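In the two complexes below, subunit A is the common chain; its partner is subunit B in one and subunit C in the other.
Let's look at the complex of A and B:
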């Protein structure tokens, strides 16, 4: 929650800083190591905008990065070209990652928001033989 | 990319547009994004030619409309450049949405507004409808009465607007054609002197500072919007007037030319005075001198700065005067004139017993003649003699047909 400052307490202009202080090597610094300011949407959760959510099953993932490329909210977390999960604070549940996923069965599927990740992975669909 | 300096005569024969274009060149404006419109076009055309001829290191962006012109100026200013443009009338109307963006984002863009009537009927000549239309947009507004002032006030405007305590865009007004296309002798500064006066542009929160990334033009709702607008108004009310005074003083030191927030002419012992803006100020001064020869103690007050309104200076300039005429060169369309209201607002809580009347004149480039002003000063003297305003509070002068008077 941003502090509700008075009119004389913030920087002029309709301007917000992404980081606290200076950032030297933004390209070489991963998100979790960047000092995002409270004004950055990175520090705000918009999880409640989502009605359905993706669940990631790493057993079938081939790390093709399609979902990372297609995600319109940069919510696919990839490290060293390996998909390690979904940023559930910013994912809007659009399902584009699932559409983009080329594996059979898919490595990402959409579920109701209240679905339990462990049990859904345990009951993951089998390979579709017609598609194969 | 290098650029050439230009050898100027001590006095050049320039019209107001040329004077403004030369000031933009001497300030080495980084980006001009513009769309042509009469009578302001020669300003941006002038910048473009100076650029093409190698006298400026900058960019000229040709865009599809005035809305796009100011939008591109906003982008360039947010990126961290010194930015200017010019427009008039309908162009300003189309730009008006983005003017509020520029001031709210605190981007010190300089806009040369060559004052022209607003349609309909379509008209390319001078009046102050456009100046008045955007008076609440949060821009500082200077007013040049002649080409010399168009040159000087452009240089001054950059200094004021770009100061990090100010960071507000500024408009330099001049009358369409009467000033913009009338060539007069203009005292110049050398390129080095002018640039030294304006100073190197110092970016603030620029988008090209990759070590401090910023988001410009954010959205705020009822939780933040009021605070941003309050801050902008506060800075206009509290910081801009002292800064303008400081820059005027520096400019006088450099050039000997003295500017004031309101320009007083023969006001020390004046009984009657005209308050107006633009090229009319010079005509009114000439007539005031003639009235003095006829025994009427006439004076003239011209607004040099229209926004922020120089409230204290208006009160000071008008103290002791017995009758005031507020001349508005724009149809108020259903109200008293803007200058009438500004002056009434400034004087209402003072001890003055001055009689205030308003006049609407010069719409669409109609001349304000010396005969008009002579009759007007006589009317003010008649008000003083009668101890009351003998006419209605609002009169139209110089319009054909039966006399128009209201209020």
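Let's look at the complex of A and C:
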């Protein structure tokens, strides 16, 4: 690991293993069932990049999965065709999911990082009536 | 042959187990990782991947971390395509000699590169791979600029775009040369499949990628990748910009089979004026000054001409 090396030392070529031990069917194993090694960026966090964060309100979600497919950071967690929530360790707060959300009111909205999830969901905006 | 993954709708697609991880260091709202996810999730087969030096490479392989859950290699700026071609040749040789441990598994060989690494620096290498007929796919993440090193122009940069080596100013409107038509160059190699894709049209993208995986021989994919940093727009608008790019026909989505048959795969219901696409990005801001307004009309004419050409090609089947 780089942490054990001095500032002027660097490995010329390196091979990193994503998993501890053997994994046979990665495409058939969801993230929670994988044994990630400490070299996988899955074990790291970019949560401190965020200034604003998405909050997910499942009451309005229609599980269309647009947010899942357009999330650049694999941070929208969907299992069995249902949206479960947002992975706050890997979300960078770009807001693409909110733009992609087609429901009215949106089931994902951006709030300041320090906002409290429960109270924001309690005060969720009402349906936006379209002007005729 | 391995089975093609059945993806009928987005709900089915969302059951895929991602093989690309978060906490990579790409900018918030970067389209690169959206494209990569859509490509990797289009198949369940094993993957052998490479990436050229560029945003994708430096951000997903920051020692001691890797964001890839598949075999992945980086060598140099120019040779992501040849790295994968080498792996593919070796796979074939081992298979012939009967030395593969699991010969029933058919990996897919994919190389990723930015437009700088494909249009300029790696051009000769890619051309070689295509000509030699390796069973691989080369995907260009086309953000029209050397975004990793600070926004220098590449030969993919379009006219009027302000890049750090072709900046706009009192005497200049930015980049003066038109974008290189890489699709036509690659189709001229006579390879089985050449396609242009966009991340916002995920279904079209998945269809093309799966077709590319299914055919035997080299495949070239040009993917539009709006760059929030260099195109200068808000990170949340990445997909909106991609929508504008495809709907204004600046990036028409089409495919060329065997270097001859051209099919247009997406026809926008409402064609958006190119002006809207330009206005949404900071890199074209100066074109809206009075002295450069004529360039917007030239842009529109160029896009219209290209669209007419594509339609004529499609009709003629030549």
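Simple rule for what comes next: the second predicted complex is superposed on the first by the 119 of 132 C-alpha atoms of A that agree within 3 Å, B and C clash if a C-alpha of one lies under 4 Å from a C-alpha of the other, contacts with A are read in each partner's own complex, and residues count from 1 in each chain.
We take it that a contact is a pair of C-beta atoms (placed from the backbone, for glycine too) under 8 Å apart; a residue touches a chain by one contact, two chains touch by 3 or more.
This is a predicted model, so every value here is computed, not measured.
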item	value
First, second, both or neither for A:31, with subunit B first and subunit C second	second
Partner contacting more residues of subunit A (subunit B vs subunit C)	C
Which superposed partner A:103 touches (first subunit B, second subunit C, both, neither)	neither
First, second, both or neither for A:22, with subunit B first and subunit C second	first
Touching partner for A:8 - first (subunit B), second (subunit C), both, neither	first
Doubly contacted residues of subunit A, that is, touched by subunit B and again by subunit C	11, 14, 16, 18-19, 26, 39
Complex interface listing, subunit A residues touching subunit C	1-3, 11, 14, 16, 18-19, 26-31, 34, 38-46, 49, 63-66, 68-75, 78-81, 87, 89-96, 98-100, 110
Subunit A to subunit B touching residues, read off their complex	4-8, 10-19, 22-24, 26, 39
Subunit A partner contacts - residues on subunit C that touch it in the complex	10-26, 28-34, 37-38, 43-45, 60-70, 199-200, 202, 228, 234-240
Parts of subunit B lying in touch with subunit A, wherever the complex brings them together	104-107, 167, 205, 210-218, 220, 223, 226-228, 230-232, 234-235
